[in-house]
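Here come two complexes built around subunit A, the first alongside subunit B, the second alongside subunit C.
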Partner chain A sequence: MKLTILKSKLLSALQDIVSVIPSKTTLPILSHILIEADDSKIKLAATDLDISMTTTLEAKVTKKGEITVPAKTFTDIIRESPETQIEINAADNRMELKINHGVYKLPGLPVDEFPKLPTVNLSKEIKIAGPDLCRMIKKTIYAVSTDETRPALNGILWQTKGENIQMVATDGHRLAKFSQKNKKLKGLHEDVIVPPKILNVLTRLIGDQEKEVGLIFEENSLIFDLGDTILSTRLIEGPYPSYEQVIPKDNDKKLIVEKELLANTVKRVSILSNLLTHQVKFALKKDILELSTANFDMGGEAKEKIPCDYKNEDLDLGYNALYILDALKQIDGDEVIFELSTPVSAGMVYSTQKKEDEDYVCLIMPLRLVE
Partner chain B sequence: MPTKIKILPPELVNKIAAGEVVERPVSVVKELVENSIDAEATEMSVEIKSGGLKYIRVVDNGYGMGKEDVELAFTHHATSKISSFGELNRILTLGFRGEALPSIALVSQVEVVTKPRSFSPSPIKGKEGASRPLPTGVQLKIEGGEIKSIKEVGAPEGTSITVRELFYNTPARRKFLKSPNSETRQIIERITTFALAFPQISFKLKVDGKETLNLQKADGLKQRIGQVFGSQILKQILELDCDYDVVQIKGFLGKPEIAKTNRAELYLFVNQRDIFSKSLYHAIVTGYKDLLPRGKFPWGIVYLSLPPDMVDVNVHPAKKEVRFSNEKQMYEFLYSAVYKTLNTGMVMPIYTDMKEKLMTTDKEGAYGNTPLQVKEGSPKYLTDKDKIQSFQQEFLAEVFKGMKISPLKEKKAGESAAGVANLWQLSNMYILAQVKGSLVVMDQHAAHERVLYEEAVRNLTVEKASSQHLLFPIVTELSPSEFMTFEENDELINKLGFEVKPFGGRSVLISGVPPLPKIQNGEVFLKEILVDLEERLKAGGEKVKSVAASFACKGAIKAGDKLSLEEMNSLFDQLFATKEPYSCPHGRPTLIRIPIEELNKRFERT
Partner chain C sequence: MEPKKKRTILHVDMDAYFASVEQKANPHLRGKPIMVCGDPNGRSVVTTSSYEARAWGVKTGMTLWEAKKACPQGILLPCDPDKYVEVSLNLLSIYKEFTPAVEVFSIDESFLDITGTERLFGTPLQLAEKLKKRIREETGLTCSVGIASTKLLAKLASDMRKPDGLFWLKDEKVAEFLEDLPISEICGIGPKLTFYLNKLGIRTCGELSRYPVQLLEERFGKIGIYLHRMALGLDEGPVLLTESESEYKGDGEKVKSVGHSITLPKDTRNREVAKNYLLSLSEQVARRLRRKHYKGKTVSLVIRFPDFSHFSQQKTIKEFIDDAREIYQTALSLLEQINIETLGVRLVGVSVSNLIKGVGQLSLFREEWREQMLLEAMDEVNDRYGEFTLTWGRLLDKVKTTNILSPAWRPEKHVRKFGEEYLDSHCEPVG
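After this line comes the complex of A and B, so read on.
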């Protein structure tokens, strides 16, 4: 293998791809990048066995070939290089870099030890706007569970049905559901559970770019086509709990409150809440919401009243402040609606300003109030 | 002068000897059930009252006994199972010493009703061939070892033995028994163990008139496991089946995700006899290698079948311990069977051989195994009360200097650990901090345990804890002993922050869990607490304290949990808010301080 490539071009590709490299691994090959040189292109690939990323960039290739090199060391050398054409030579699992007057040699591992990467079947690809995708991910990913004993909850449930695309995440204490109409999905019918790691990489790669992302649903994997870069992930095995059943249909009490005001007050009051439970009490009276907390360890207490729109009978609820703040952060608009029923059943939170073709709700289970 | 040393009268000798076999109610149940199994029974029902102290009855459909046999059976060392020393080397039956029935009869009031099967040959050695009249039922009553009556009665085939007023004539023994509940629990465990060894036999158990177990004849072990542990478990176990000429190893192993916190659900059988063997347990645990989280034990039911002359079961009267003619070889076989099963069965279907390769290189010690050399002299604990207080103030002042402690503080990008660099986590176990030129080391588990313990005691005695309600309530089946512990303590458990209700049979419905940050699976947490609590109560712990201790022990962050800077801060904060911050509920220290002088000395900087 022999090629030359500009430092900045190679570095930006490497910086993206190292995000896939596992920080700790028992398989040495996974800490390596696979480099394949072919005609006028080189392909870089990395995987942690659950997710993989390949990216293609142009280079002057004079001899085809492939090699693996330790990702971190290789990236460090390129980062510290001056902006210049870098000459890469590789044979017999060794790489030689010529950078101006410097020569660097790196050992690699046999190429055939590198895990097989998924093949991309472009005929099944459908396209979706990148920013839309990022928005859906951001609004649901916070509720994903990290409880390893219930693997299905460790990912976002991603459903496409007719013209509807929907993401759901829950950790059993709260739930976020976002759905959107998308005409391009016509005829697609998929239910998959996607691990959050790939979605974090994906949103970082898309950033603010207004580009389209190709989706390919395979039997046990999901592939994202970003043009020069292909991401793939293993899917989590279901079944996902039947979340539809827990979305309350007849919550008869309605609280409307200014979002920023509520968030700031909850934040302030919860400073004195129990460090384990973060419990804040919501006491609802006619057009008044009283937030309070008490901490027995510290002996601290806090109480604050804020105006709201509430016409139903008085109601006392306990909530984990962190759950309230997480949800408020993702809900758009200036005002939020809480649809409530009893102190032991799920409260539903959403914005007063609903976008057309979009539906976003958060469910939060209350805490039992200390008696 | 009268002699001081006397020869004991034979009744006393017998009573003392009886104590060796009949230690407590569960020993009676064990001996009787073993006899039934040896009598080829296929149906067995056991009933107990008041933990077995008042009443134990075992009814089977085995081959029964004739009149002479019954009388003989209650004489010492009368057994149908062996007849010569030579046979001791090839024991195939569970019982063989001939001690059980007479020993039981010595310390209780026994009633036997039995009738031999009409068609089967007599199992009694030396009586074969004798022409027998059509069998009739016999009833024998015996009290404190003395036969009170014996007569012919009508009876179904099989044997029914009723043991009343156990230890009525040995009050000292009675005193040393645990509560009836605790005895009951042991009996349930024992029957469960038998049920696992003999899936082809149906078992029923009634406790104080209530049916506790009803296990139909099972079509193999797998079905029996489903009956005992609930069918959910069948998806989480792997079949073990290895044949090594001299020993066949069969059974089922739990996947790592159902690992337990103690050995209670690791059953080991040798030729269908349940045994205890440290070395074989070790072989199984080692077979799991790093698949098990630290401090966890595998779930498993493992059967070894080997020729009877390779194993000596006559080591201890309770026959719980056995000796193998080649212990080391057994260890190797069992280890390799477990390892093979786990690594072909599931865990990492693709990269097995890679993993194996890595393990062997690891063993050769890339990091070397030289232990850190530390001189004699242990760190000094703070003992003086005033010193403790002033230290505490200094500590808080220093550690939290310039820090804003807020549970809701969001991490800003680029914000480094500046200002709080004096907290550092070592090996995900200890938190190190600098206080006035001293190095302070906190044990994160012990510290958190103390925090949770005091919180739990308060919740149990003063107020009810907060509970996080669940979107998806969980229905889960508890084991018989877990369920019993739950029933006895359900009010306290709900006060801890659970919302648990019985849900028919041994199932419970969990609709709320204590809102602890590291606890996400309420089902596992509840079961861990119940298992731990059972041990504590068995050891005679006081109720509220035991519940709080179990909660603290199982809910606390573990050694090995990585903590963020915020979490470490918060832990220090919470620890010093407790009444006794310097020791965990078991009395281990939570903090130690190493003064700079000590370090100077060790670096020979005098």
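After this line comes the complex of A and C, so read on.
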């Protein structure tokens, strides 16, 4: 293998791809990236066996070939290089880099040890607007559970509901549900559960770009086609718990409050909350929301009153401040509505300004208040 | 039964503990004969006296009247358990700087298994010196340390150079050491046994070791065999990990962890058997967590192998749990790393730490509500009708065939008496 490529071009591809490399692994090959040189292109690939990424970029290839090199070391060398054409030579599992007057040599592992990458079946591909996809992911991913004892909750549920595409995530204590109307995913008939790791990579790669993303649903995996870059992920086995049952339908109390004001106050008050539970008490009286907390370990207390719109009977609730802040961060608009019932049942939170083709709602389960 | 690997055990005995703590706390008491008792104005006895008072002939267990007679200028002080517990916990954390295998034997005595720490701390003597120095620097107290290959011998050794002593009883000196030692000196041989043994003409360990073991067995049953072994300085008793620190702090105080361990009736290489014990321990830990309204997020597994080496690892999960199945699942993922089939298992221990009290994040899902209610109902039945009246299917077989969980066993009770109870108590809390 012999090629030359501009430093900045190679580095930006490497910086994307190292995000797939597992930080700890028992299989040494997984800490390597695979480089294939073919005609005027090189392909970089990395995988942690759950997710994989390949990206193709142009280069001046004078001799075809392939090699694996330790991803971190290789990236470090390229990052520290001056902006110049880098000459890469590889043979017999060794890579030689010529950077201006410098020579760097790296050992690799046999190419055939590198795991097989998924094949892309373009005939099954369906297209979706990148910004739409990112928006749905961002509004739900925060609620994904990291509790390994319940694997089904370790991903976002994607489903087609009639003419709508819907994403749901929950960790058993809070839930986020986002539906986009008339944005059906044609190839998606069954529910799938997509792990968050790949979605974080995906949203970062898409950024603010207004481009389409191809989706290919395979039996146990999902492939994202971004043109030069292909991402794939294993899907999580279901079934997903029947979340619809937990969405309350008869919450009879309604609190409307200014979003920024609430978020800032919760943030401030919760500084003195218990570091493990982050418990903040919401005491609702007519048009007054009193937020309070106490940390008995350090002996701190906080209490603040904020105006709100609340006409029902007085109600005391305990919430994990982080759950409130996570939800408020994702809800659009200036005002939020809390639909509440009792101190031990789920509260529904959403924006007062609903978009026509969207439906976004967050559920938060209270903490049991102990006096 | 004999451990294959030679062990090194330290017995640390604090010198005149309560009295020293009082003297440390109040400089005016230093150098003076003080006597700690239950109630200076009541009819109590001396629990500890300072060495200054001992010089006057004051002994533990004397009535106050006797003590005052022996040492008229002696200062009587009421017992202050909180103070002693505080210092004990401090001592425990010092011991744990040297080895994780610490058994708190009483408020002022602990066993440390320091086998295999040579590379870290040097020879046992060097380690003991460092330990004594640390204790002196940290608490201002002195202690006497005995080093030997068993708990029994280490305890005898610590008595040799009191106060502020250090004595290493090497294996080759054991026989000579025990030859003329009165049997009553041995931990576990109380006044009654001494009386019966004296009647057989046995006064020293040497005599006891030469007495035909069959006759001892005829006279005392199973204990006879133990007596014979004790007279030879043999004691396979492992250093049991400390029961959870909650036991020292008493209820209402902040608890660090809740745990249980069990020495199996016999070593096993069968993974399924180990898993059964793990589940039953998880259930006990979960029940104790629930009883005290705690939830924890770090699960630790301790496995001791037949050669007394041990494995200990912990895993922190995202949720706070008090459910046996979740504790079991987490501990099981740690157990997977161990090759039980070749290594064998002698002791299994599970504990949960990183605790929070009371505050419960409610769950969205109904099944979990139901599970919570099921567990509460189960606890209620078991509270009324006894442990394991209601249990997981997996445990049914085991509970029937082996009576490893004595019905009399209570986590609060740390059985240390010699005799049947000791032999039956396979279950010990861990910290």
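Please note the rule applied: the second predicted complex is superposed on the first by the 362 of 371 C-alpha atoms of A that agree within 3 Å, B and C clash if a C-alpha of one lies under 4 Å from a C-alpha of the other, contacts with A are read in each partner's own complex, and residues count from 1 in each chain.
We take it that contacts are C-beta pairs under 8 Å (C-beta built on N, C-alpha and C of every residue); 3 or more make two chains touch, one makes a residue touch a chain.
Computed from a prediction, not measured in an experiment: that's the story for all the values here.
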* To do: Determine, for the superposed arrangement built on subunit A, whether subunit B and subunit C clash or fit.
  => clash
* Please name the chain, subunit B or subunit C, that touches the greater number of residues in subunit A. => B
* Where does A:Ala321 make contact in the superposed view: on subunit B (first), on subunit C (second), on both, or on neither? -> first
* Asked: Which partner does A:Gln279 contact after superposing on A: first (subunit B), second (subunit C), both, neither?
  -> both
* Which of the two partners, first being subunit B and second being subunit C, lies in contact with A:Met365: first, second, both, or neither? -> both
* Now for A:Pro131: first (subunit B), second (subunit C), both, or neither, which partner does it touch? -> neither
* Asked: Should A:Val246 be classified as contacting the first partner (subunit B), the second (subunit C), both, or neither?
  -> both
* To do: Answer with first, second, both or neither: which of subunit B and subunit C does A:Ser270 touch in the superposed model?
  => first
* Which of subunit B and subunit C A:Val344 touches, first, second, both or neither -> both
* Asked: After superposition on the shared chain, which partner residues are touched by A:Leu27: those of subunit B (first), subunit C (second), both, or neither?
  -> first
* **Steric overlap of subunit B with subunit C in the superposed model, located at which of 349-357, 493-501 or 565-573** => 493-501
* To do: Under the contact definition given at the top, report the residues of subunit A touching subunit B in one complex and subunit C in the other.
  => 145-149, 170-175, 241, 243, 246, 274, 276-277, 279, 318, 320, 344, 346, 363, 365-368, 370
* Structure fact -> The residues of subunit B that touch subunit A in their complex are 257, 350-351, 354-355, 358, 406-408, 455, 458, 463-472, 497, 499, 511-512, 515-517, 520-521, 524, 570, 573-574, 577-578
* Structure fact -> Interface with subunit B, subunit A side, in the complex: residues 26-27, 49, 145-150, 170-175, 241, 243, 246, 267, 270-271, 273-279, 296-298, 318, 320-322, 325, 344-346, 363, 365-371
* Asked: Can you list the residues on subunit C that touch subunit A in the complex?
  -> 317-320, 326, 329-330, 356, 358-368
* For subunit A, which residues count as touching subunit C in their complex? -> 145-149, 170-175, 241, 243, 245-246, 274, 276-277, 279, 318, 320, 344, 346, 363, 365-368, 370
